[in-house]
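Take a look at the structures listed below.
What follows is a pair of complexes built around chain A, which joins chain B in one and chain C in the other.
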Partner chain A sequence: MANQQLNSGNPRVDLEYRRRKSAEEMRYQVISFALMIFLTLVAFAAVAAKGFTAWFTIPFIVLLAAVQVVFQLFYFMHMSHKGHEAPTLFLFSGLFVGLVMIWAFSTIIWW
Partner chain B sequence: MHAEEKLTYETWPAEPEKSTLEAKNKFLGFWLFLGGETVLFASLFATYLSLKDKVPNTSQPLAKDLFELPLTFVATMLLLTSSLTSVYAIYHMKNFAFKKMMVWLGLTALLGFGFLGLEVYEFNHYVHLGHKFTSSAFGSAFYTLVGFHGAHVAFGLAWCLSLMFRNAKRGLNLYNAPKFYVFSLYWHFIDVVWVFIFTVVYLMGMVG
Partner chain C sequence: MSTYAQKKGFGATLWDFLTTVDHKKIAILYLIAGGFFFLIGGIEAVFIRIQLAVPNNDFVSAGAFNEIITMHGTTMIFLAAMPLVFAFMNAVMPLQIGARDVAFPYVNALGFWLFFFGGIFLNLSWFLGGAPDAGWTSYASLAIHSKGHGVDFYVLGLQISGLGTLIGGINFLVTIINMRAPGMTYMRMPLFTWTTFVTSALILFAFPPLTVGLVLMMFDRLFGANFFEVAQGGNTVIWEHLFWIFGHPEVYILILPAFGIFSEIFAMFSRKRLFGYSSMVFATVLIGFLGFMVWAHHMFTTGLGPVANAIFAVATMAIGVPTGIKIFNWLFTMWGGSVKFTTPMHYAFAFIPTFVMGGVTGIMLASAAADYQYHDTYFVVAHFHYVIVGGVVLALLAGTHLYWPKMFGTMLNETMGKITFWTFFIGFHMTFFIQHFLGLWGMPRRVFTYLPGQGFETSNMISSIGAAFMSVGVIVLLINIIVTSVKNVRVGNDPWGDGRTLEWSIPSPPPFYNFKQLPLVRGLDAYWIEKMEGKKEMTPAEPLGDIHMPNSSFLPFTTSLGLFIAAFGAMYHVDDKGWALPVLFIGLLVTFGSMLLRSVKDDHGFHIHKEELMNEDDNKGVKA
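This part shows the complex of A and B:
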């Protein structure tokens, strides 16, 4: 079974390289976690502030949620890694069907 | 490499979640499942949005009478943090550090239990305010959407604990590493759904 990893010919060097790579990735994960917490705080603050109209707050918090979900998917769920073509296809097809459904349901009740 | 092979810190592959055929199939199949879950939750969101505040008479509470920021905030923080702890678990899985992985998985489960406990308290509170599953279309849509998510959390907890219990004495190998990885994907997906629930149901409910 071929592993998708580089081979310097020296297993110790390869191992050391991988450890560093994954430690570095873990740092990015913690940074994206901090950003997610920040986005959550902003969303709650926007609602708690009451000074804004619903026409501003609703699109704003939905946008924040979308950004936060991108962090979850691409960093926490590793979709930014190689070999995630099929997952991307599955997830976005699901999202497409889902959005059409939300669109359909919310237009039906207008009439 | 095959699933039963005894591996060490040095021979552990870089991507244990995809290094056997079974693991690759699990990975692909699980993402297909997540695509289906997206459709499922989107349909529940669509139903909720259409039936929000549709109550038979004025004595029934509306979204803005029910939801409170502090409770939702604490629940959100618990679930978000549990997402990070499961990232740590997978980080240690990739470094072949079994014990550390188990500790972080245990933390993930604890935070999950905290979240679920809050949800039970919350639902009980709403029922006492007259917001029941059968009291209005709004109630049915709310409990179906949020309850489905809660059921996913409960299932995830059972999954996590059985993985931990079953593999407690086994250590890491290429047979169980993909199982832990797939569980972490599921747990993150639950968090993805929650991000939309706290935004669309709670925050938008409080805005009006």
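This part shows the complex of A and C:
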């Protein structure tokens, strides 16, 4: 979507621009993919390693999972592209409403 | 496709409305269905007031009274106020942003039929062994042990109609984000469009909790689950939370479009730009945001603890700030304006003090400590009727008079409109003002009668007489509608003469494609800007070209009908009826069959060709 918003009629410009854009896109994809593999390994290591209590390990791997979700959304699902502002807004609003619910339920009903 | 001007028989018109995907016709369907349920809910309200007019009355039995109050609340909120709000959103919003229809016309029709069949299903309970009787909030501790099928009707009926509301809301969001005319930036959208946008976002986030709550309730009642059954380890308070996480945004879903309608009226009939437009937008968004953080103020006496009560009390009072911003902006819009007291302006003018009164009692109820005194008394009843009738219903009546010419091409009679206003307005205050005091004197809500000698007699009688006045107002409105439709005096583009927004720049009612050429929007109050420069119409933003239109379809009707049939099967399956399971499967087969048919059939719509549009100009002699 984003790389089709060009205002030049010249097909050559279009091609070169697209090629550069795609190369850039590919680089980000590979970097975030490598990072995600790395984060997964760290998560496994944190669980496998001796000496950490569950009180550290569980919040830590949940944090890593959250980072991975952000990578997933922004780099693989193209939320970083232009024209995705409205979906981003509604995604985070929904997340907010859901978290407020969970927060309220865990503080005043379940415990 | 220039057949739309031909005279059609009754059967053809009916078929047209059953299959329509046109937002203007769907708006009329919402108006008729919502108006019908409004009358049913109104009759239930009259029954309540007759029963309570004198002490120890036996007009209805205690059990029937419970059914009537439950159905009055449920009908008025879900089946009258919401669809009537949707009627104006459908009729006006696409015109205000300069669009030819909503983003998904087919889904729009599906949303209406789902709502309609859900509402019919709920009301059939009167004839099939008793209506729901656990209150419109249907608290689980009451609802689970309610005998008969009443609460099952509530659960399944609301599930079906809620589905329709949810897809309607998503449709409006997509429409406003994607289909604004060239130049129509977010900060140039009319305020009614803005409130539609925020309302639709609230629908998107508020209805899923209701769906979850209803599914859990359905499993408890129909399939023997124990989510809310305390004796089996369930938790009855979870229903209250789920209901109010939906229920509180729901009241903002109702009031925000009302604010939008009044904002349009104040600007139009003060002949002045809306004061503080950007702060109005800000206040609308802020109310929507805060609306999700206050639900527990309905549950102060449930025993949440002092910390939770304090947080929710403060959050609730914070909502008074953006609402206050709006009130002052409306006052400043009128200040120095050349105010014209038309019927809609009567409603708008009366709305301000009425709604402020409802707001003040709201702040009183928000004080958690004081709420222990007010809880479950008539004070609460008075409060929410002041905000819902004094806010939403006044806006719906105002909107009916304001947009009637745009929807039907003929003006409602102004004199009769003012008679409606005065009888309804006086009747409303007579009915509900005294109920504040009844509450403070200790009359509990939801009781079917009271004893003589407790000091409640005179006040209840006054309240009931007020209800009679309100009924007279509604009857005058109905007569007005009939007289106007019979006379059928056609009006032009801008019958009020003070139209500011795009809907008044096109004929009343608009042609089925709305805009021959999409208009170029040069600022807030786009049509007013052009008028002030001496122009008669909008500058087009595109050359005249073919217009792509969607085909009509009967499938939205059958998809919804299938769920309606399936709901009977699901409900009577509990009684071990042999026919229940087949009915359930037949219903689901109809629904999924319709969906399959929709998926496999290629439906590309049709084009109105440029030549036809140009011919029309020649025929009429004037440009549309």
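As a working rule, the second predicted complex is superposed on the first by the 97 of 111 C-alpha atoms of A that agree within 3 Å, B and C clash if a C-alpha of one lies under 4 Å from a C-alpha of the other, contacts with A are read in each partner's own complex, and residues count from 1 in each chain.
Convention: a residue touches a chain if its C-beta (ideal position, glycine included) is under 8 Å from a C-beta of that chain, and two chains touch if they have at least 3 such contacts.
All values derive from a computational prediction rather than experimental measurement.
When the two complexes are overlaid on chain A, chain B and chain C sit side by side with no clash. When the two complexes are laid over each other on chain A, the CA centres of chain B and chain C sit 70 degrees apart as seen from the CA centre of chain A, to the nearest 10.
Judged by the touch definition given at the top, the superposed model places A:Gln72 against chain B, while chain C stays out of reach.
More chain A residues lie in contact with B than with the other chain of the pair chain B and chain C.
When both complexes are overlaid on chain A, the residue A:Leu95 reaches chain B alone and has no touch with chain C. Annotation: superposed on chain A, chain B and chain C show a minimal Cα-Cα gap of 6 Å. Comparing the two interfaces of chain A, the one with chain B and the one with chain C have residues 86, 90, 93-94, 97, 101, 104-105, 108-109 in common.
Across the interface of their complex, chain C is touched by residues 86, 90, 93-94, 97, 100-101, 104-105, 107-109 of chain A. Only residues 1, 3-5, 11, 15, 18-19, 22, 25-26, 29-30, 33, 36-37, 40, 43-44, 46-48, 54, 57-58, 61-62, 64-65, 68-69, 72-73, 76-77, 83, 86-87, 90-91, 93-95, 97-99, 101-102, 104-106, 108-109 of chain A touch chain B when the two sit together in their complex.
Interface residues of chain B facing chain A in the complex, by the touch rule stated above, are 1, 10, 13-15, 18-20, 28, 31-32, 34-39, 41-43, 45-47, 49-50, 69, 72-73, 76-77, 80, 83-84, 87-88, 91, 94-95, 185, 188-189, 191-192, 195-196, 198-200, 203-204, 206-208. Residues 173, 177, 201, 204-205, 209, 235, 237-238, 241, 245, 292-293, 296, 304-305, 308 of chain C are the ones touching chain A in the complex.
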